[in-house]
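Same chain, two partners: subunit A is paired with subunit B first, then with subunit C.
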Partner chain A sequence: MRAWKLKRDWVTGWLLLLPAMVFLFAFTHIPAVNSLINSFYSTPRGKRAAKFIGLDNYERMIGDPVFWKVLGNNLWFAMGTIPASVGLALVMALWVNGRLPGRGFARMAFFTPTVLPLIAVANIWLFFYTPGFGLFDQLFGGLFGWSSTNWLGSPDTALNAVIVVTIWKEAGFFMIFYLAALQAMPVSLVEAARVEGANGWTIFWRITFPLLMPTTLFVSINAVINSFRLVDHIFILTDGGPDNASAVLLFYIYEIAFKFWETGYAATLTVALLVLLCLLAIGQFFLFDRKVHYK
Partner chain B sequence: MSSVSLKEVGKSYGRVEVLRGINLEIETGELIVFVGPSGCGKSTLLRMIAGLETITAGDLSIDDERMNDVPPAQRGIAMVFQTYALYPHMSVRDNMAFGMKIAKKPKAEIEAAVSKAARILQLEPYLDRLPKALSGGQRQRVAIGRAIVRDPKVFLFDEPLSNLDAALRVATRIEIAHLKESMPDSTMIYVTHDQVEAMTLADRIVVLNGGNIEQVGAPLELYENPRNVFVAQFIGSPAMNLLDATVTATGTQTTVGRADGPAVVVPIASQASDQARPVRLGVRPEDLVLTEAEDALIEAEVDLVEALGETTVLYLKGANGGAGTIAKLPGIHPVKKGTRVRLKADPAKLHLFDEAGISFRHR
Partner chain C sequence: MMRGSLTYDRVLNTLAAWALAILWILPLAYAVWTAIHPAAYEARFVLTAPLTFENFQRAWAAAPFARYFLNTTLLVSLILACQFFLCTLAAYAFARFEFPGRGLLFTLVLLQLLVMPDILIVENYQTMRLLDLVDTIPAIALPYVASGFGIFLLRQTFLTVPRELDEAARVEGSSALGILWRVYIPLAKPTYLAYGLVSVSHHWNNFLWPLIVTNSEETRPVTVGLSVFSAIDSGIDWSVINAATLMTSGPLLIAFLLFQRQFVQSFMRAGIK
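Take a look at the complex of A and B:
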């Protein structure tokens, strides 16, 4: 009797899990495993079926200068976007959390880039970056007398120009998390610190910032993932160019897979990306672990 | 010497005035309790003394120094919050040391101050724990310890016991009383809505209501000689009974006649102009005793009996179904619901209030 009941519970449990599991497997786990398998096979062409080629694809990857270039670009992109967007998000959140006139408007303004579809605003950014009469050239030309720069078209500036757009897009999103955390923080903590003689700076570094650590961890993991995951702005702004100067890993995978149809090699690059992301996420947890205080 | 002095202090949020004309002199070493119903402005007044709220009218001085515009940390105060306000990411030790650390005091001095406070409050075993690993009572002791470490001239407590359960509240209250005894030179200002806390802890009580001070005085002074109806009903539990009456004879004693009872002679002076004035006769539930006499102060049917052992509380039916009188009799009385009882009171324990609610003794 009891065993029967246990078994029924067990069946119900699995039935409840089933829908979520089906989707998780169909769209996450099976493709991931498939990619891993494909990375050991050659790309099927016409009548020629894929054949097992061992680590050949990996050898090719290690010898591929473009791979190293986009990987380097991606790291530069990550270093350029993550600290800046997280830091900016925190500053904006602190600012709009305080008493300031037009606070609602400021919050909305900061959050707008997150809501706007990038395709729509890309045109504005394309205009900002236009050589000669774009906003930046006008501004810097007027202020410092700089000569006209082809921000998106020159290898030296293309990636940095994309980084600026990304920071603009992400900071408002991360700000919302910081703002929520700040509003959940009891006012009396800050008051107690004020009574004890702490100034604004001390209160921030000794109390507010440490208590925001769980949010910082969450936001920065998202930022890391985004820096490897976001490619839409690259399509719109630079299409990876010039000379792969603004291509990142995922963009390169897309090109290999859907422009050159080298699915085997694309699978190999995907595995490399997955491994990289896992390492980064695990690393972050360990790095933050001692510093994060969960209430 | 006066430690804290408030002169015509007021507070407005925009056009909403929450405190007005507060005048109060607090002596050094005194434990003053601000008591009053929720929303009367107790916390606001305390926070103005702390410097956490701006003072919009009047003057605040601490040790004869004007403090209106001095930042909280330089007022020589320490505050204990209702919600403890412990820094959740710091150990008990670091919580208590925080103020001295940011003031860059020498390590040995910090260590000595923290150990001393921990010893007084028996917190030594918990110094390395985080606040989340402590019970509510222990957390509040840490908060008090943090205040002691600051060695302030004035301690400010904002409802420090309200988040504790009943038993712990009594224990912590006694601890605060001991703490006060051990620090005779520290002035303490203590906010509560609980009149028992006020009565047991205070040297003097300040009764606040609707942004005004109703009365200031020693606990028993307020109990025996309330200035007005509000104080009379706020201090003491159950609240003082008020009976409608009319003055029928004036002089060194006052005679009042009542529609639902015999005339009563009260040993309180009145003036000739009081003749025929409507008044309210006040009698505390615990001043009523059972009697057989025909001319009892009160005769009514018992509506409800609360037998608590140490006392028996009788809720009597009022005339025409109105609110009735409450009597609190010592010990156990076998009174049944529905029986008629007669109650009398020592005339010296009676109070008289005029139409404005002011006691005849305070006019």
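Take a look at the complex of A and C:
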């Protein structure tokens, strides 16, 4: 009787899972494995089918200066966006959670960029960056008498200009997670510390910040994934230029696959991106693991 | 002394918070300014500048935005309906049934949080070509319908449903699906709302995959339409582009301003594990 119920549970469970699993495998797991397989094959052209070429694609990748360039850009992009957006998110959450006058407005202001499409955001910022009559040039020109700067057109500033837009877009989103954690935090701990005579800074560093560690881990993993995933604004702001100065890995994959139609090489680059993501996620987990205090 | 330093601290904090808030809202405020004023006032901020609705009219006339809006609406509804259906069934299986392979399959579901379909554009495009779905709205939706995030979120909610309710319904003779429908789904309503808002805003804003897989007016969502529109640099005014930009984000933005509290709480709920 009992064994029969167990078996029925098995079948019900599998049947319930089946539809979701079909789609999950078809559009996530199988494509990921296929990327690996196709990375060992040449790109099929016309009537010529793909043929096995071993590690040729990987050799090409190692010798491809653009690959190293966009990889470096992507790491710079990650380093520029992750700490800044996570740090700002925490500060915003502390402000909005406290007894700030007009905190409703502040919360709205911080969160609004989250609901805007990244592509629309890029359109707005594009005007700020325009040399000559853009807002930045007018502002800096008026205040400090700086000459006109082509923020998006010069290799030195293009990527940083993209980073600024990304931070603006992301910080409010991460703020929400901190806000949720802060509101779930027991008030008694902070009260006790205050009775003991601890000041604001001590309370933050000794109590609030350690208790927020799981949130910080969660938010940082999200930020890492986003730093390899967010490319929409690049299409509008710089189109990867000048001379790939603001292209990141996913943008390069897009160009190789859908501008030059070299799917074999694009698959190889995808594998590189997947490996990088997995390594970073695992690394982050171990880095934080010791410092995270679970309740 | 103690009080003095405290209030000093608070004033400083308040000022800094306001400064950052104003800085944060500035780009949007600026876009609104240019969109509702004639082009001559793009960079001249005088309160007496005449208001106009013309920029919106010109943007609306310059590209088939009505069609784009229809496409996006179809797209997000299709994705949301499929996600609710697929994720509910899968989450129910993970939350309340014992079967071999459960742990492994759940790990595979979570893996999608890291390896998102957004990254697998090359292979997914090949699949769509194989299925002969390129340049259709289902092609934009399909990679996202089985959402690892949705399954995870609903599973967490279903796990908090007391077993007793489940057993009681079973004693009354409900089937597994009947229990799901009568007990679990009603109790998870706030989670559905939260997940729905997150999903709709995410897919309304999505750009790269729709850009790749569509190539005609009949299928393009608003984000791709907007990029096509603003890429024509044949002397379209900034004020018109900004009007178009606001228009495409308009529905979400208005919904957000109206239901701000629910929005923020939904995102918070979605964030708590």
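Keep in mind that, in the parts below, the second predicted complex is superposed on the first by the 290 of 295 C-alpha atoms of A that agree within 3 Å, B and C clash if a C-alpha of one lies under 4 Å from a C-alpha of the other, contacts with A are read in each partner's own complex, and residues count from 1 in each chain.
Simple rule for what comes next: a residue touches a chain if its C-beta (ideal position, glycine included) is under 8 Å from a C-beta of that chain, and two chains touch if they have at least 3 such contacts.
Keep in mind that this is a model prediction, so the values were computed, not measured.
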Evaluate whether subunit B and subunit C can sit on subunit A together after superposition, giving fit or clash.
fit
For A:Ala192 in the superposed arrangement: first (subunit B), second (subunit C), both or neither?
first
Give one of first, second, both or neither to describe whether A:Phe235 is in contact with subunit B, with subunit C, with both, or with none.
second
Who does A:Ala120 touch here: subunit B (first), subunit C (second), both, or neither?
second
Looking at A:Thr202 after the superposition, I want to know if it touches subunit B, subunit C, both of them or none. Which is it: first, second, both, neither?
first
Check whether A:Pro210 is in contact with subunit B, with subunit C, with both or with neither, and answer first, second, both or neither.
first
Of subunit C and subunit B, partner touching more subunit A residues:
C
Minimum Cα separation, subunit C to subunit B, after superposition on A (Å)
6
Residues on subunit A lying within both footprints (that of subunit B and that of subunit C):
none
For the subunit A and subunit B complex, residues of the former touching the latter
186, 188-189, 191-198, 202, 206-207, 210-211, 293, 295
Per the touch rule, the subunit C residues reaching subunit A in their complex are 9-10, 13-14, 16-18, 20-22, 24-25, 27-28, 30-31, 34, 42-43, 85-87, 89-90, 92-94, 97-100, 102, 105, 108-109, 111-127, 142-146, 148, 151, 176, 201, 204-205, 207-208, 211-212, 222-223, 226-227, 230, 238, 241-242, 244-246, 248-249, 252-253, 256-257, 260, 263-264, 267-269, 271-273
Listed in rising order, the residues of subunit A that touch subunit C in the complex are 6, 9-14, 16-17, 19-24, 26-32, 34-35, 38, 88, 91-92, 95-96, 98-103, 105-121, 123-125, 127-128, 133, 135, 138, 168, 172-173, 176-177, 179-181, 183-184, 200, 218, 225, 228-229, 231-232, 235-236, 250, 253-254, 257-258, 263, 266-267, 270, 273-274, 277-278, 281
Which stretch or stretches of subunit B touch subunit A in the complex?
50-52, 71-74, 77-79, 81, 83, 85, 87-89, 98-99, 102-103, 132, 146, 150
